[in-house]
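One chain, chain A, links the two complexes that follow: it is found with chain B in the first and with chain C in the second.
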Partner chain A sequence: MNFDPFIIPFSVGATFLFVWLFGKLFGWIYTLPKRDQKKLQRHVFSFRILRTFGEIVRECLLHFRLFRINALLGYMHASLAAGWFLLIIFGTVESKVQSGKAFNMPYDPIFYRFFNHAPAHTIQLQTLSFLMDTFLLLVLSAVVFAWFKRLRSKWFGMRRTTRQSRVDRVALTALWLVFPLRFLAESATGAIYGNGDFFTGILGRASESDAVFRMIEYPAWWAYSISLCGFFVLLPFSRYMHIPAEIILVTFRRAGIGHLRRFSAFADIEVESCSRCGVCIDTCQLQKDVDIREVLPVYFLRSIRERDTNEKGASKCLVCGKCAQACPVRIDVNNQRIVQREEFNSNKNFQPLHFEKAQYSGGGKIGYYAGCMTHLTPSIKLAMVKILLAAEADFVFLDQEGSLCCGRPMLLAGEFNGAAAIAMRNEKLIKDCGIETLITSCPICLKMFSEEYQLNIPVLHHSQYIEQILEENKITLNLNRSSYTYHDPCELGRGLGIYDAPRSILTKAGKLIEPDLVRKHAPCCGGSIGSVNLTHAEKKAVTTIAIGKYVETHADILVVSCPLCKKTFVGPNKIKVMDIAEIVADRCEK
Partner chain B sequence: MSAKNFGFSIHKDRQIDYDKNYREFYYRVKAVEPSISLCISCGNCTATCSAGNFTSMNLRNVILLAARGEVNNLGDNVSACLLCGKCQLGCPRGVNTRNVVIAIRKELKIRRKP
Partner chain C sequence: MGKDVLIIGGGIAGMEASAYLSAMGYQVTLVEKANELGGHLLRWERLFPTQRHGKEVLSFLHCGIDGKIRVIKNAEPVAAVTRDDLHIVTLSTGEVITANAVLITTGYKTFDASRKEEYGYGIYNNVVTSADLEEMFSSGKEMLTSSGIVPRRVGFIHCVGSRDEKVGNIYCSKVCCVTAVKQAIELKERLPYAEAFCFYMDLRMYGMHFEELYKEAQEKHGVQFIRGRLSEAAENQDHSLLIKVEDTLTGRPLKMKMDLLVLMVGFEPSDGTQKMAELFHLETGSTRFLKMADEHTSTNVSSVQGVFLAGTCSAPRTITSTITDARAAAAKITSYLSQYSIEQREN
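The block that comes next holds the complex of A and B.
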């Protein structure tokens, strides 16, 4: 058995890490609801697990999503993760082949060169030795890139990067030291015994005498072991917890486990999976336009993880979802946010009134539900009625006499009980009307109807309905020379993935000019009801900057498909703001 | 002693006594949502109110009563609020009405607790 005292730090660190991680994993599975535990069990013991492995390799090792953001950033992470993984795998194989035994000490591959001085004599060992040097070179290149990223983050596609906490910095230093020290230690041993390969043999070939190497060899192996120990011990308390947590997150997500209406094990795994890479920082409008840093998911998730109260971070956010779509780990930041709001809400058992007086009118196949916000922008509902009449649809205006709220604003404010009660009441009111299709003008309502209600009928946004009747030639548009630019509302675009219906209508109505940021990258108008306590001035700043991008396109009309966006954007602008229904109503011919 | 019926009645005394009223309430809410002090009682919020369409919810009144420290009748009124945010869009002064309601609900609960 190979032994030297310097393996002790490594062994202690690795043992601690494994015990900690298994404890954590057990805790997570234990606190899952029974239903989710069964889901997980069914998933792990089925062939679907192979696809999960595929995703783990793609995302946790090769970091495909990061490559899509920036090639350098992707290379840096992929070469570090995959390189290190391959070092472990091939190192294990190498040590087993060399010793000729299937079982050896777990630290043997880590300190292989120290214990085996004989140069590789068989072709297998030569190949393995060559591969090991290649992987070490790959990992070291990643470390060099990581150093370089500190100086020039712009080259990696990031204007701003995360301000790391102290633990993270220490762990980062340990990680950065591991591979240069390994290189140094292996090179020193290689120089003395002449067993270094093309890379670890460089130092040996470069110098005549090995006196220096004899002096540094032993301390270098010690330092290597200590830096590994430091990294392993700090891993559970630093950002590097994302390495094991992301694997678990991918598995849980693939098993169909999601957020609950409280801070659950799944939410905890998500929080631990945040690597604080900082990709979300550049997307956040509150950080860019009004310099509120607390809302940034990197810091917000960190404050959750450290059980720190960050009420500002939870409540100021617009819940536009831009950070979530940029996140390479696909953390559902929006849900994290509203769950935290619920945690801060001291009024958890709040029950709203029953609203006996509320009543919707029935008697038609298609129900048009304007929603609260549309009642505040009457031109949209008038336009919709005109379109529905033109299409000769058998429709009824459900909430002509005023609507009850869908419940989403309450949900977003973290009042889950109230939201559920309102949603139930509203669902019953809609069901009682006996309609077959529901059309709504408000993306906020639409999101709530399709995700929280059990209406069992098709629910459409008015843009989808208009696209449908245009295709069926129930109405036609007379083309004119107006040029349009289109704003993707958060809830409709990122929230529900409806990007094409409004665009297809606009290309039929005139010329569509796209601004710089479209679809999932589109800005929030700033009026979002997602924010609980963003001040008027802050909202205004976000709105002004957002609309500026549309003014730059020099289009005649800024088209929106959300009454709230319209209400937020209208004002003394250089561009006219109209809802898509108004555009169609103006141009439609039977 | 029962009051004699003269065929007409007079209103209950509506003197607003700042010494007796719970004016601290207003300052506590204001600490959470400072924009409450911008309110000019124009009533735009009440005109747009979804909940006010079906109930007696009246945000203008709520803020006015809160400012006077007359908090005893606020409960029913604010519990009708759906937080839909229409009032916020209607407000000419930029009061963050949603958070005003949330803050009042929390304060009322704290007060009821002791």
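The block that comes next holds the complex of A and C.
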């Protein structure tokens, strides 16, 4: 058995880490609802787990999504993660081949060169030795890039980077030391015994005498072990917890487990999976336009993890979802946010008043539901009625006399009981009308109907319906010379993935000029109901900057497909703002 | 003396300041972009709180200036430079005017009510603004709705575009409360069988006799006052309006049918005022009105030397207060041009 006292720090650290991680994993699985435990079980013992492995390799090791954001950023993470992983795998193989035994001490591969002075004598060992040096070089290149990123984050596609906490900085230092120290230790041993390969042999070949190496060899192996120990002990308390957590997150997510309406094991895994890479920072309009940093997912998730959330971080956010779509780990930041909001609610058992008064009218195959916001922008609902009449649709205006709220504003505010009560009542009112298709002008309602209601009938946004009737030639548009630019509403675009229907309509109506940021990168108008307590001045600052980008296109009309976006953008602007339904109604011929 | 004063904007403030400055011996040039002097006063039929005719006040203002000053109509400044305390202003007509002092009296515009889309202005025919109603009154025609019937129920909506952070106007426009009371009375006088409702946040009857007028509206004319802001208006089949309001005194939501809805539109700095701010590099406050050098002691003084302010370009004002302010500006300009020692006082 190979032994030297310097393996003790490493062994202690590694043992601690494994015990901690298994405890954590057990806790997560234990607190899952029964339903989710079954889902997990079924997933793990099915062939679908292979696809999960595939995703783990792609995202946790190779970091494909980061490559898509920026090649340098992707290379840095991929070479560190995959390089280290390969070092462990091939190191294990190397130590087993060398010893000729299937079982050896777990630390053998870590300190292999120290215990095995003989140069590789078989072709297998020579190959392995060469590969190990290659992987070490790969990892060290990642460390060099990581240092460089501190100086020039812009080269890595990031304008701003995360301000790391103290424990993160100490863990980072330990991590950065591990591989240079390993290189030093292996090079020293390599110089003395001539067992270094092309990379770890460099120092030995460069110097004639090995006196220096004899002096530094032993301390270097100690330092290497201590830095590993430091990293392992700090890992569960630092951002490096994302390494194991993300693997579990991918598995859980693939098993079909998601957020609950409280802080759940899944939410906790997401929080621990945040690597604080800071990719979200540049996407946040509140950070860019009004300098509110508490809302930034990287800090907000950290505050959840430290059980130290603040109201500003939870409530000011627009819930636009731009950060979530940028997140390489795909953390569902919006749901994290609204779950945390519940804590800050003063009125958890709110019961809506005046329920009994809402009445919808039935008597048609298609039900048109304007929604509260569309009632506040009546030109949109008048346009929709005109279009439905032109298409000779068998329709009924469900909430002509006024609508019950869909419940989403309360849901977004974390008032889950009130939201559920409203949704239940509204769902019944809609079902009682006996319609076969539901069309709404409000993406907020649409999101709620699609995700929280069980209506069992197709639910369409009016842009989808208009696209349909245009294709069926129920109405035609007379093309004119107007030029349009289009704003993707958060709930319709990022929220529901409806990007093409409005664009297909607009290209039929005139010329569409796209601004710089479109589709999932489109800005929030600033009027989002997602924000509980953003001030008017802050909203206005966001709106002014957002609309500026559309004004720059020099289009005649800024087209939106959300009554709230319209309401937010309308004002003393240099561009006219209209809903897509108004464009079609103005232009439609039977 | 023979010093020149250029006054930009021939409304109430511009006319009254011209009268005083010319009486004090200055060469006054008054520039007006329309082809008639009088500004908003041309559109107000009767004035609160006395119900006297706007025309009477207008002819009073004309008496002060007609034949005494130079009036340039259909013109507006397009460029301005300052050289040795002289303001050299180029007009859209091409004429260049040199003045020792400039007085900005470009005033206000009424809030564009279509920005509150939920109130239906520009969408539903029977939603009008207070300015539209005034024109209906002064036209002398019979009061009818768009469907040609005599309105039975008329709602006056206070604070449209005022005290409303959502549209970016946090200030009170001062005149709308009492204008609504005045217009409700006028309506009742014309249509005694119609019901009039005022929907208010709180009533600001701060002027002398305003409260009397409010009492008269309730006691003599039966105008009903409901505390609550309009949430939305929808149109019925017969083109009447269904409005949703919360009665905040009883805490209950109301749905009411109205034949005519009058939106009491507030003040915003006029386009001319905004343009002058750019041209003369004048500071504007958070409300976008021109900034006074001091809210207490230098209300007529702008942020640029030799450029003065009067009337509603610096804040919402009543006609009375605008006239007073114009005279104060005339005194301030005289003091500045005569280099009185009181000019040395610090704010």
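Heads up, the rule we're going with is that the second predicted complex is superposed on the first by the 588 of 590 C-alpha atoms of A that agree within 3 Å, B and C clash if a C-alpha of one lies under 4 Å from a C-alpha of the other, contacts with A are read in each partner's own complex, and residues count from 1 in each chain.
Here is the rule we use: contacts are C-beta pairs under 8 Å (C-beta built on N, C-alpha and C of every residue); 3 or more make two chains touch, one makes a residue touch a chain.
Because the structure is predicted, anything quoted here is derived from the model rather than measured.
For the composite obtained by superposing both complexes on chain A, the positions of chain B and chain C are in clash. Judged by the touch definition given at the top, the superposed model places A:G54 against neither chain B nor chain C.
A count of residues in chain A touched by chain B and by chain C gives the higher number to B. Within the superposed three-chain model, A:I422 lies in touch with chain B and out of touch with chain C [touch as defined at top].
Using the contact criterion defined above for the overlaid structures, shared-chain residue A:G194 touches neither chain B nor chain C, since it reaches no partner.
By the touch criterion defined above, A:G23 reaches neither chain B nor chain C.
Looking at the shared chain after the overlay, A:H536 reaches both chain B and chain C. Contacts of A:G434 after superposition on the shared chain: neither chain B nor chain C is touched.
Once chain A of one complex is fitted onto chain A of the other, the partner contacts of A:V570 are limited to chain C, with no touch recorded for chain B.
Contacts of A:G402 after superposition: both chain B and chain C are touched. Looking at the shared chain after the overlay, A:S379 reaches chain C, while chain B stays out of its contact range. For the contact definition in use here, the residues of chain A common to its chain B contact set and its chain C contact set are 375-376, 402, 536, 567. Interface residues of chain B facing chain A in the complex, by the touch rule stated above, are 33, 35, 48, 50-51, 53-55, 76, 79-86, 89-90, 94-96, 98-99, 102, 105-106, 109-110.
On the side of chain A, the complex with chain B involves touching residues 345-347, 350-353, 355-358, 372-373, 375-376, 401-405, 407, 409-410, 413, 415, 422, 527, 529, 532-537, 564, 567-568. Only residues 112, 115, 117-118, 120, 123-124, 165-168, 232-235, 244, 253, 255 of chain C touch chain A when the two sit together in their complex.
Looking at the complex, you find that chain A touches chain C at residues 354, 375-379, 382, 400, 402, 536, 540, 566-567, 570-572.
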